[in-house]
Amino acid sequence: MEENKEQTFRQKRETHTVPQHVKDKLKEYNSIKKRITEIMGDEEWNIPNLAAKLEMSTTETLYYVMSMLKFGQVVTTGVDDMDEYYFYKIKK
Amino acid sequence: MPSIQKLNFDAVVVGGGIAGVESALNIANSGYKVLLVEKDLTIGGKMILLSKVFPTLDCAACITTPKISEVARHPNVTIFTQTEVKAIHKQDNHYFKAEIVKHARFIDESNCTGCQLCEEACPVVVPDQYQYGMVGRKAAYIPFNIASPRIAAIDIENCILCGACEKACPTQCIDFMQHDEEYQIITRSVVVATGFNLFDPVKIPRFSSETAQNVITSMQMERLLAPTRPYNHVIRPSDGRIPDKIAYVLCTGSRDLSVGNPICSQICCMYSIKQAQLLMGSLPMADVTIYYINIRSFGKGFEEFYEQAKGMGVNFVKGKVGKITEKSNGNLTLRYEDIKTGKLKEADHDLVILSVGVLSNDDPQQFFAENEWKKDKFNFALQKDLFFKPSLSNIEGVFLAGTTSGPMDIPDTILSAGAASMETIRYIKQSTVEI
Amino acid sequence: MKKKVGVYICHCGGNISDYVDVEKVREAVGLEEGVFLAKTTIFACADSNQKEMVQDIVDNELDAVVVASCSPKLHEPTFRAVTERAGLNKSHYVHANIREQVSWPHSDNKLGATEKAIHIVRSAIAKVILSEPSEPLEIKTHQAVLVIGAGVAGMKAASSLAKMGTQVYLIEREHFIGGRISHWDVLCTTDETGKELVTRLYNDISSDKNITLFTGAELIGSSGSMGNFTASIKIKPRYVKSACNENSFEKAISACPVEVPDEFNFNITKRKAIYHNFPSEYPHAAVIDIEHCTRCGECEKVCPQIDFNQHEETIDLKVGSILIATGFDPYTPHEGEYGYQVIDNVITLPQFKRLVANSDENLLWKGKTINNIAYIYCVGSRQVEGENKYCSRYCCTTTIYSAIRANKKFENLNHFHFTRGVRTYGKQEELYHQASKEGQVFFQSFEDDLPVVEKHNNKTIVKINDILTHKMPIETEVDLVVLVTGMVPRAENNISDILKIPKGRDKFFNEIHMKLRPVETVIDGITIAGACQGPKNVVESINSSLSAAIKSYSFVREETLSVNTLTAVVDASLCKICDACAKACPFDAIHPVNIGNKEVAGITESVCKGCGMCLPVCPENAIQLTSFTDNEVEQMIDMLARD
Amino acid sequence: MGIPEGKAAKILVFSTEKISDPAIDMAGLLKLHYSSKVYTIAVPCSSMIKTRWILRAFEQGFDGVFIAADGSDCPYGESCTEKTGAIVAQTHAIMKENNIEPMRLKMAAICSVCSESFVKQIKSFNNNLVEKLKS
Amino acid sequence: MAKTDLKFGKKLKKYGAVDFNACYNCGTCTAVCALSNEKDSFPREMVRYSVLGLSEDVKGSLKPWLCYYCGECTAYCPQEAKPGELMMSLRRYLTSHYDWTGLAGLLYRNLAAYLVAFTLIIGGIVGLYASNTFQFEEWMHYGHLFEMLAIGGVFAVIILPNIIRMWYSTVWKPTKKFKLKFYFKAISELLVHMFTQKRSLSCDSDTKNKIWWFEHFVLVLSYLALLFTTVFLDWFSATNTIVVVAGYVFSGAIFVVTTDFVIRRMRKRSEKSTFTHPSDWFFVIWLMLMGFSAFAVRLLVDFEMLQSTFWVFLIHITVLVQWALIIVPFGKWTHFLYRSFAMYFDKVNKLSK
């Protein structure tokens, strides 16, 4: 029984096909995440600067950075002098 | 196809929000067996998602969690989450037959420890519905930290069946072979605590909520302020900037015949004042302006709370906002008449919160179809005998708890749930039917 | 034996951790002697954390637990229950209040707050290490409930409790039941009248054998505690025998020469010293107002049922729980407030409602036909100068509804509402819409510029700088001014003194917690229902009354109730039986007993309430209170003092 | 001993579980600020406080002890005020004998909603202590 | 000090106002109105004055004329208080207030009076015809003469005094200032608004409104041009091809545009055409009839059939007389004039501030 349980996702594959858009979305997320990680490097970034570099809207950039923050891949390091934007950094 | 399972209860409580939880607890405490049915992954309803509650500023979680954990442990209460009520039929001899479907969670509920290792392992990220899409979540996930039950669930719609979670799970509780389970419940009584829906501001295009990122609803702001918040700070969704001119637009979708909801939602003034106070606390430099028609701070301690907000420097402007226009930098121009002076004004803000109103939830209409669930003219459940027995519905043996019968705040909801459970217990006690 | 203590420090989702460095607290207390584990948690009260605590206790064989979070009034019972579930005695749990008494009042001083939190948690640890296990006391409950006040909330609670099989004593201070609802005509938002509702409720209670109703009855004393109260009730006589003959009463009433203002109509009419119930009051009987009766004997001549020999009685009722539903009084404006008692056509809302109810074809005030009516809102509520800062909640709606109903009953009425912002919350908004549509006029002012009522040459004029018309000064000539008076707690209500129920800032009875325990008071076993807790409309009162009923029911449902009581304990070896403690005890719980041939002070556990009044008076320091022993208190002091 | 310049006095408050402690809680709820050197021990009734506890507090370094008494609201009966008063008087006498300033022990009735009054009382007590015990 | 007077609101209902009492003063109407601005905020102020019965403030205000009834305020009013319709009614009320004869008010409040007036004119024309004293040419001649006389007479006796009364109420009474130079300075305002109604273009910028404005613009120009052509160039008797063709074009344009307006009012698609007072119907229908009958008469002239179908000319002359004696001095036609003068006076008032 225990043995079988390990494999339930395989069994499920027989009856359930993963929709293409789900796979595409995952690819997209991972590629953007990779780009963000590369761009950010060791430096602190705020959302507008990062978005400009990514050539993506600030709204979307925020979504990705916040998700990465939630999953512990990014940390908040501080806030700029104008108290306008927070800085984020890749967590090493 | 697995066979339909049959269970008997004294009461079925539909809806696991605060009203349902309170009702279930009261009934169970009187020695009756209760089934609490919740369609979401967690009980706690809307209240558990809130930041703090007026007028005491207790954190919402501090109030909900003790009740929730009490109900979760109660020997007389069975909780079904992720479960839909398909139909409830009244039987001739004074009991109800309820058809319910418990959707597969793909997790063995009794073995999950909530360790979140599956969540860590899962590679899929999709917008988090509990955070109004402001941040992502995994396909294997726990809704939020204080969810009850605090166990994982697999979002099969977005799962790529990679098996990472199954490999990561230390208790082998992930089971992709789970199916939806059908139940037939025999019960003597039903408590409807299905709660309310929030007004969708997309129905008012002149508020630009669909196009302007920085026009958000009050529920989104609750999330931004809550301990289980999507961002770690209060920042605006368009670009992560810390807002410093914040506006509240009261009566969005309430007291408004032009959107078909003529009644007052009873809570928006107060939750907006509360949020304003919290914002003043977390963003001391920010200006918060509340645009209102009438401030309805009518409950115990509410007026004092309103005065307190004024004292803290929250700016109250009498006048309903007519139009919100987005500017290129994401800031917003609000057009309103300042009633005090009678002049049309325009004001710029960098974050606008639409204090959306309370609408009825029409779910009961679906599952009570054949018994003719009756509604009042505002689409809320009909209270058959308003003064004598406010929690009576038009169907004998079916009782109304909380916002099913109209907008109310949390204290009123709890009192209403208390009344509903009292009537339910009385009804069960008097019914002599053997089931 | 050294105890292994587990310490949990709660973030309270920022409520604490925003001001107190919880990690620092954890580090500091983690080093204390006896502390086996110290953790921080976002929400200590969350179910998941509770489970984790149970797991920790079991896995690590902890002996005692401290949670530092909000006030013990909120969550001490929660965590006591957690430790009990893990198999510990509930005394081995101590709660440290680092929210209400640390993070909130010291939000201006984060360092100080953290420092204070560390001290408080340390003292809690010190206490829990010294704690002795205690066993709950089983007490036999009186399966009966005393309901005070036979208004809508009291009657509803009484009838619900009785239907659950509980014995109910329903006492009403007046000679007639019905409370405030009996005064009102049609209740918003239905067509049902107060009379109809009261009749239904009365039929319900009078037909139930589980309910004993006492009218003219007042609570004058109470002793005992949850499950076991003895309430002393004083019952005023009616001076009229209950067997009643309609005709002879009518004769007696017309014979009576004494006329006094009728409080049922809020003094706009007069009644005799012997009077009848109104159609909306029960029981259907007459009563003599002995204060105003001159004993002229005219009534006795025509009515054989009069009996001046009846006298006041006092009875004791044994009950397990007390439900208070004493309701409210309408605010009485002071002389000159918007012309009250100075201008002859200024009346209060209750008076107006009685006027409308009592008038048939024409609405007359002092013989003159009324066409234009001004309503001045928030009289006695939302006061800037006075004490009543609160909103009375029901007045906006009830005034608007009264005006709408008056329009249905009389022709050619114009209504002018001088508001502070209309608060017809919820579905009641519909009434505001309807009233406006009917052409009723609403003005508004803020608290800093209120309307003025003036009389010039026999004309009554209301002036306002109307903010809805860019503060334009506007005057309106009216025939009648109605002061929309708010709710205040019942006057001459010494129940809070007798039962020791605390009042809130608004002087209404205070619940323990608006959301967690909205109908309970700090005195276990005593619940509050309806408008005595705060302004409410009828539906809200009924909801609160049923909630209170179910809570009271929980105290009397079982034959026994297990309670945690603190008790005083005498160290027999030290006691020299001087009698000082027995004298100090307010509950007569201390009597001499023989222990091993020695006469010492003995404490009756079931009577002792754990107030500790006997402690300081003992010259030998022979008495200790459980959970507050010298050792415990002094250790706590030491820990708080430690640098 | 003495209170250094610019520092607040260290005060031990005996509050009562049902009456004055809720008022102190409410002071927090209303965000009324007072010195963080004020510590509270809640007991069932103010008339149970032993003199030796108070003396212990002074011994251990508290500058002042404040008894937030039930007053006439006491759930255990009317005699509370009088009894608490007696304890204070007795303690004052012992304090005098031991050369402890009697003003370092103060009693005031704090009702269950007297948050503002509590904060006011504790502030003035602190000021008096600081004045008296300046080092 | 202002005094409340609930009779005023009841009076306004006779001019077509409905439900404005339901207003709870949220200001949405003002906030959504594209023509409203900080200096001139409406319509809520007008709604408020009407509810309280502050008739003096209403009479002294030019704001009702600043509104072009796009209908947004009514569409978004959360209380369904129909502020747009109130503004329309206030214009009717003000028209009768300015009118010294009192006839405008009588006609607005009373449909029967309208019908009687129309019938009397029909009777007069038919009577004249039946009396047989006129020949065909005489009809044509006197008809033409009547037009000139009517224009001059109505203007001198009714319209001019009414405009002066309007000036008295809205400029002199509230401000008590008179500086001639401001009147010269502001004159362009009058002309521009009279011919273009350009203000209405600022009403919500959707294309439908632009079409409406264009149609309206065409109508105004065609109307004025046709007036000029028939009166001064004596179109029916003219032989100059340019004049003849221009007449056809103008009358045709009037006919087409007004037909579209009538259809809109019948369909009630947009907010502004939901409510229609009898005076609105008369205005568009008579304009339509005028365009059509003028077109028909000229056509018959050109085909030399007019003599045999003389009744067509009689219809035309009847419509014309009704138009000139009823609708122009007392009906909705005056709005065209008062609106332009309102802009003019408003400018004057602002300059003198």
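For clarity, chains are labelled A, B, C, D and E in written order, and residue numbers in each chain start from 1.
Assume contacts are C-beta pairs under 8 Å (C-beta built on N, C-alpha and C of every residue); 3 or more make two chains touch, one makes a residue touch a chain.
Every value quoted in this text rests on a predicted model; they were computed, and no experiment measured them.
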Self-check item: Chains partitioned by contact, chain B not counted
Solution: A | C, D, E
Exercise. Using mean Cα positions, find the chain sitting nearest the overall protein centre.
Key: B
Quiz item: What chain is the most remote from chain C, judged by the mean position of CA atoms in each chain?
Solution: E
Quiz item: Any idea which two chains share the most contacting C-beta pairs?
Solution: B-C
Practice problem: Just grab the chain with the largest centre-to-centre distance to chain D, centres being mean Cα coordinates. | Solution: E
Exercise. Averaged over CA atoms, how far is the centre of chain C from the centre of chain E? Could you give it in whole Å?
Key: 66
Quiz item: What is the distance, in whole Å, between the centres of chain D and chain E, each centre taken as the mean of its C-alpha atoms?
Solution: 83
Quiz item: Where the CA atoms of chain B average out and where those of chain D average out, how many Å apart are those spots?
Solution: 45
Quiz item: CA centre of chain B versus CA centre of chain C: separation in Å?
Solution: 29
Quiz item: Going by the touch rule set out above, which residues of chain D reach two or more other chains?
Solution: 29
Quiz item: Which residue numbers or ranges of chain E touch two or more of the other chains?
Solution: 24-25, 45, 79
Self-check item: Contacts with 2+ other chains: residues of chain B
Solution: 56, 255, 339, 342-343
Quiz item: Across the complex, what residues on chain C touch chain B?
Solution: 11-15, 42-43, 45-48, 50-51, 70, 74-75, 78, 85, 152, 160, 163-165, 187, 189-190, 192, 197, 200-201, 382, 389-391, 393, 421-430, 433, 467-471, 504-506, 508, 513-516, 518-519, 533-535, 538-540, 542-551, 553-554, 557
Quiz item: Inside the complex, what are the residues of chain C that reach chain D?
Solution: 71-73, 97, 99-109, 112-113, 115-116, 119-120, 123, 497, 500, 502-505, 510, 522-523, 566, 584, 586-587, 609-613, 615-617, 621, 625, 628, 630, 633-634, 636-638, 640-643
Practice problem: Can you check the complex and tell me which residues of chain D touch chain C? | Solution: 10, 12, 18-19, 21-22, 24-29, 31-37, 39-45, 47-53, 56-57, 60-62, 72-77, 79-80, 83, 87, 90, 111-113
Exercise. Can you check the complex and tell me which residues of chain E touch chain B?
Key: 24-33, 36-38, 41, 44-45, 75-80
Exercise. Under the touch definition given earlier, write down the residues of chain B that touch chain A in their complex.
Key: 120, 123-127, 133-137, 156-163, 166-167, 172, 174-177, 213, 230-233, 235, 237-242, 244, 285, 330
